[in-house]
Amino acid sequence: MTSSEKRKVITPPRVSIPIGPQHPALKEPGMFKLTVEGERIIDAEVNIGYNHRGIEKLAEQKTFTQILYLVERICGICSATHNGNFAQASEFAAEVDIPDRAKFIRTLTWELERIHSHILWLGVAFHEVGFDTAFMYTWRDREVVMDMLEDLSGNRVNYAMNTVGGVRRDVSDDLKQRHLKGLDHLEERMEYYRDTAIYEKTFWDRINGVGMLPTSVAKSTSAVGPTARGSNVPVDVRFNDPTMAYVNLRDSGEFDMILSDRCDIAGRAVVRVLETIQSIQMCRWLLNNLPDGPIRERVRPRIQPNEVLARYEAPRGECIHYLITNGTDKPDRLKIRAPTHANWVSMAHTLRGGYIADAPITLAAIDPCFSCTDRVAIVDSKDESMELVTLDTLRVRANKWYAENPRRVA
Amino acid sequence: MMQINLLTELVFPALWILFFPGIFFITFLALLWEWMDRKVYARLQNRMGPLHTGWRGILQPLADFLKLVGKEDLTPKRADKRSFAAVPVIMLILSILLCMFLPIVDLNPAPGVQGILSFEGDLLIVLFISTLMAILIVLGGYFSSSPYAQTGAARTGMLLISFEIPLIIALITPAILTGSLSISTIMNTMLGTGGGSGLSLAYGWLLIIPFIVYIISLQAELERIPFDVSHAETEIVHGWQVEYSGKKLAMIHMAEDILLVFGAGMATTLFLGGPFLLELIPLPIFQEFGLFMASNWFGALYYTLVFMFKSALVILVLANMRTLFARWRIDQIVRAGWKVMVPIALFNMLLIQIVLNLVFPAIGVV
Amino acid sequence: MMGFLQRLINKARLKSPYVFHFNSGSCNGCDIEIVAALMPRIDIERFGMKLVGSPRHADVMLVTGPVTEQIKERLQRIYDQMAEPKFVVAIGSCACSGGVFRGGYNVLGGVDQAIPVTAYIPGCPPKPSAITFGAYKLLEVLAEALGVAPPKKEEVEKIPEPVEVQVEEVEA
Amino acid sequence: MPSLGKMERELLKSARSKQATVIYPFTKEGLNVPPDLRGKWVYKNPNNCTGCKICERVCPSDAIEMIECRPEDVQTRTGFRPICHFDRCLLCGQCVESCPRDVLELSDEFEMAYLSRDDMVIY
Amino acid sequence: MSDAESEIRPAPREDQYKEEYALFDSLMDELSDYAISSESYVHKQPRRLFIQIKPESIRDVVQYMLDTYDLWQLSTLSGRDLGDDLQACYHFFFNDKKIAITFRLNVPREKPEYPSITDLVPAAEFVENEIRELYGLVPVGHPKPRRCELPENWPDNEFPLRKDWEDPRGLMERSKTTGPKPKEEL
């Protein structure tokens, strides 16, 4: 060191790390390119589209009844979301008012689905940080709500409960009693998770102060769902733009939007757990106040020309179906915006500045659902773009190495 | 004369090394412990674990091992092929070698037991080899030249620098107490069996802190939850072993299981009194019993069972730890290592020195 | 001797199939049900099955979803990465034939359009127990092919009832 | 407050209590299979069938195909009868609901696994 | 769908739609330079406004709304093929007023370009890329235009969601398989 000019500032090499598209942390194909300096993430890019199935095009060739089952298969976790939301969109378009009992049963399905989805998320969050025991427990308790849904609809996942003009299955008294019992059990378990499980220190250390999403950023990136509510942004379609029995639930005055001002993953976790308990109470209220009457109204297969924007608060956030009908039994255009899609931009923000090790839990914190998103999503062009940054030749080789095909030594 | 020598100096030791407390027995224990670990893990998670393979799935680890042996062995194109293949072999050999130092049972009719390999200073060799294992893991990760494997290797390195030190300090504590660097001498001295004077119970409580430090560091050394960052499945797939398959993977799994045997065995040997149970009670009749056992053939059986029992207890604790926690981030682990474990271990050393040199002479404990 | 070893290994193969899960554009329902099969209710680990994250460690690949154009190459590459002997199970209607996505411009329609498939488990999605049943059936078929006995029922019946039920049961 | 080992009590509790596991392929107790499960497709009442093709039309995934009645089948009025390509079936139950004469049914059988797609056509 | 007129189902001016009409009237006043009032209306479904604007004025409108009303939730952007024109609909949601508002703009099919709003509303990044991919509607000035969405081998000038998109390679028939592909073709 003779002169100060010769001194070099040593910065860690910038390396581009791909996560996915096939990765154990992601149960679905999606790809995230993280640019890292040492262990810190300095940039994140989302590349999805491995799941693009062209549902919007398919929808234009099917009748309304068939689309109900098609949109149900957009996402296996929020199937009642899309199914019910499309059903209500077609009802709005046909300008029919469905019976109250149908509204209640549809809302009940939605809320049960929210319970199962949030418990699932909690389990996945535990899994992402290697807390497999709590993962097992949450999923064991999730079986209770799965059983309830199976009891109600005849299938564990794709419920096919809704039809244009009402619901397909009724709630008998027996079923109601079984559901009330199951709800009691679930509430007890969820209180345990609320009070104990998420405060296990090793878990809490991984979610506390990680993946910060300040309120202003959450607003400017239009985050939705628990992601936004965990950052103290009051976005909840159930209370802002209620449809179906949510009007009655809101008028009952017993329920209010759940917000947290923590702005980190812990905030999102707490919001989800509390929302699960709220949903359990909502289900109980719905079951206890279930009105009598028919469960469906006949709607003619051809729906008059109309355009409607149906919104519903899915477990992950706001789900939008923009339906344009043209007087035939097939829609002119169906645009679906799944909640995860609205959260990508905010998620890229939460990843920046964090550790690589936190990437899976941060990704999971928005409860990403690629299958929801990918009818509309983004795809990376070529593997070449992986070369964008790097100094360390070994690491470059390692990154490109995954592009080799085939990789077997004969 | 030559004939007898051949038998006692060649055949018996060979059998000794190959079968009874040697490779065969160690492998058996390794499979047993893995089964137990998995069963306890499953049971605490309110499920069953392996069930349809043998009695309650007891043959499951063996089935896994055999299946992996029978599978196709792939080598990634980009990997450094020879080193890539060498790592699992060296790992397996070294882990078996480590277990050779465990005093379980021996042919010597005198009181006290010795390992198959046992000499003054073997504790240092053991510490050296156990550090070498971590370095092997790092090498294995780098030789497979996959980003996940390299990240896993880097994390293993971080783990090594943060938890190797408390581990070593914890293991050195009994050596300080007894003034010996031979594993079997330490154990026998502490019990008063190996011809030494024996440590009274007044010394026993001094081992509690190092025991806890050892168990936690062992969990880190074995890369189990909450320290499983180097093969965290949701973060970096299988970490450093992601590219291994077939026989190599079988060897790696076996080496990991054998390390479990070794870890539990060291805890048993240095902190829990080794293969002795009743002799620990300082009454003349039990001392007689100890002498009787040491001079009889079924003493070997007794020693083995006691050793297995105590190791099983350690495995239970380890399995419970694995169930109880989430995985820590690497920086949190390093922080825990340097800010908590190392100070505790050092404080314990200080405490022992004070107690041995100031307190005991003052109150008259020998 | 070699024959004996081979038989032993064949038997071991049946007892410890490591599964690897690949989503080729599915709706997530099947994926969640596969994970649910690992959970306490069904606990597929009873058969020695383990969900592994790397195709190199796996024996059986569970594929869900109609194969989209984008994922096809990945699927084939991952299939090549698996070590022999390997099996592919198509789970769910979409993986069997394309299901409701037949006629989509970006869908190949069924896993068997990209890689060879050993077994099909229909259902939308199949229940976790149905997945277990499918896996068990696959094991039986393999056992027949390899000339060894499948997992037996007798082994199960020996298991005594779990002791003392002090805490309330899990099922509501 | 967050602290280490919060769940230890729960662990010991579940270790003592009954496992949640159902030993499934050998027993079905505890699976809670509801009677009106949407399971395997069945051509239940062939005598009622008129071969009107409504089920084929409503099926969202073209799983139902109308074939000409084979000699061993019950002959319908139009001479066609439905078969189900079960590899495409979504188990949604729309065909059952749309059928005017209660011909079809989704049974509660859910154990299905096939080795070839040819086996998956249900007659 | 040829006649877009028939889809317009305005709500009657009744008490039920008081808030909607209040906002609608004030907006039509304030945005009179940009909006086309003949195609803007309050929908019969509660809390829905549809406002047709001139394509080049989208940035001004959004800027005005952001400044005046603190409009921050972009719900989505949907495209539509009207035959001669392509339509882009920006769906916003007012969280304070609890009203969903849709700004629509028609762009001629020959030159489907309009200004991007991604720099004003960061949330529009993904949806604008997506509409470019599926409809060929180009938001000019998008900060991160990427080849997105469709498979890598998809040609540049084919937009699958346009009504006149024909299936040149038989892709839609391809997926209607009835049996496994023969081994040699895999």
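Here are some notes:
Note that the chains are named A, B, C, D and E in the order they appear, and that numbering of residues resets to 1 at the start of each chain.
We take it that contacts are C-beta pairs under 8 Å (C-beta built on N, C-alpha and C of every residue); 3 or more make two chains touch, one makes a residue touch a chain.
As the structure is a prediction and not an experimental result, all values here were calculated from the model.
Path length between chain B and chain E in the chain contact graph, taken as the least number of steps between touching chains: 2. Fewest steps needed to get from chain C to chain D, stepping only to touching chains, is 1.
Taking the mean of C-alpha positions as each chain's centre, the chain lying farthest from the centre of chain B is E. The greater number of contacting C-beta pairs, out of the two interfaces A-E and D-E, is seen for A-E. One finds 52 Å separating the Cα centroids of chain B and chain D. A separation of 27 Å divides the Cα centre of chain A from that of chain D. Inter-chain spacing, taken between the CA centroids of chain C and chain E, is 43 Å.
Between the CA-based centres of chain B and chain C the separation comes to 35 Å, rounded to the whole angstrom.
Residue positions 4-5, 7, 11, 14, 17, 19-21, 23, 32, 60-62, 85, 90-92, 117 of chain D each touch two or more of the other chains. Under the contact definition stated at the top, the residues of chain C that touch 2 or more other chains are 39-41, 43, 46, 53, 66, 68, 70, 81, 97-107, 110, 112, 124, 127, 156, 159, 170-171.
Across the assembly, chain A contributes residues 23-24, 49, 52, 54, 57, 69-70, 73, 133-134, 136-137, 140, 143, 147, 155, 158, 200, 202, 205, 379, 407-408 that each touch 2 or more other chains. In this structure, the chains touch in the following pairs: A-B, A-C, A-D, A-E, B-C, B-D, C-D, C-E, D-E. Looking at the complex, you find that chain A touches chain C at residues 21-24, 27-29, 49-55, 57-58, 61, 69-70, 73-77, 79, 120, 136, 139-144, 146-147, 155-158, 181-182, 184-186, 369-371, 374, 379, 405-408.
Partner chain D is touched in their complex by these residues of chain B: 43-48, 51, 320, 323-325. Contact residues of chain B toward chain A in the complex are 44-47, 74-78, 81, 145-147, 150-151, 225-226, 228-229, 232-235, 237, 323-332. The touching residues of chain C, when paired with chain D in their complex, are 40-43, 46, 93, 96-100, 102, 110, 112, 118-124, 126-127, 129-130, 132-134, 136-138, 141, 153, 156-157, 159, 162-171.
Against chain C, the residues of chain B that register as touching in their complex are 38, 42, 45-53, 55-57, 59-60, 62-67, 69-74, 233-234, 237-238, 242-246, 249.
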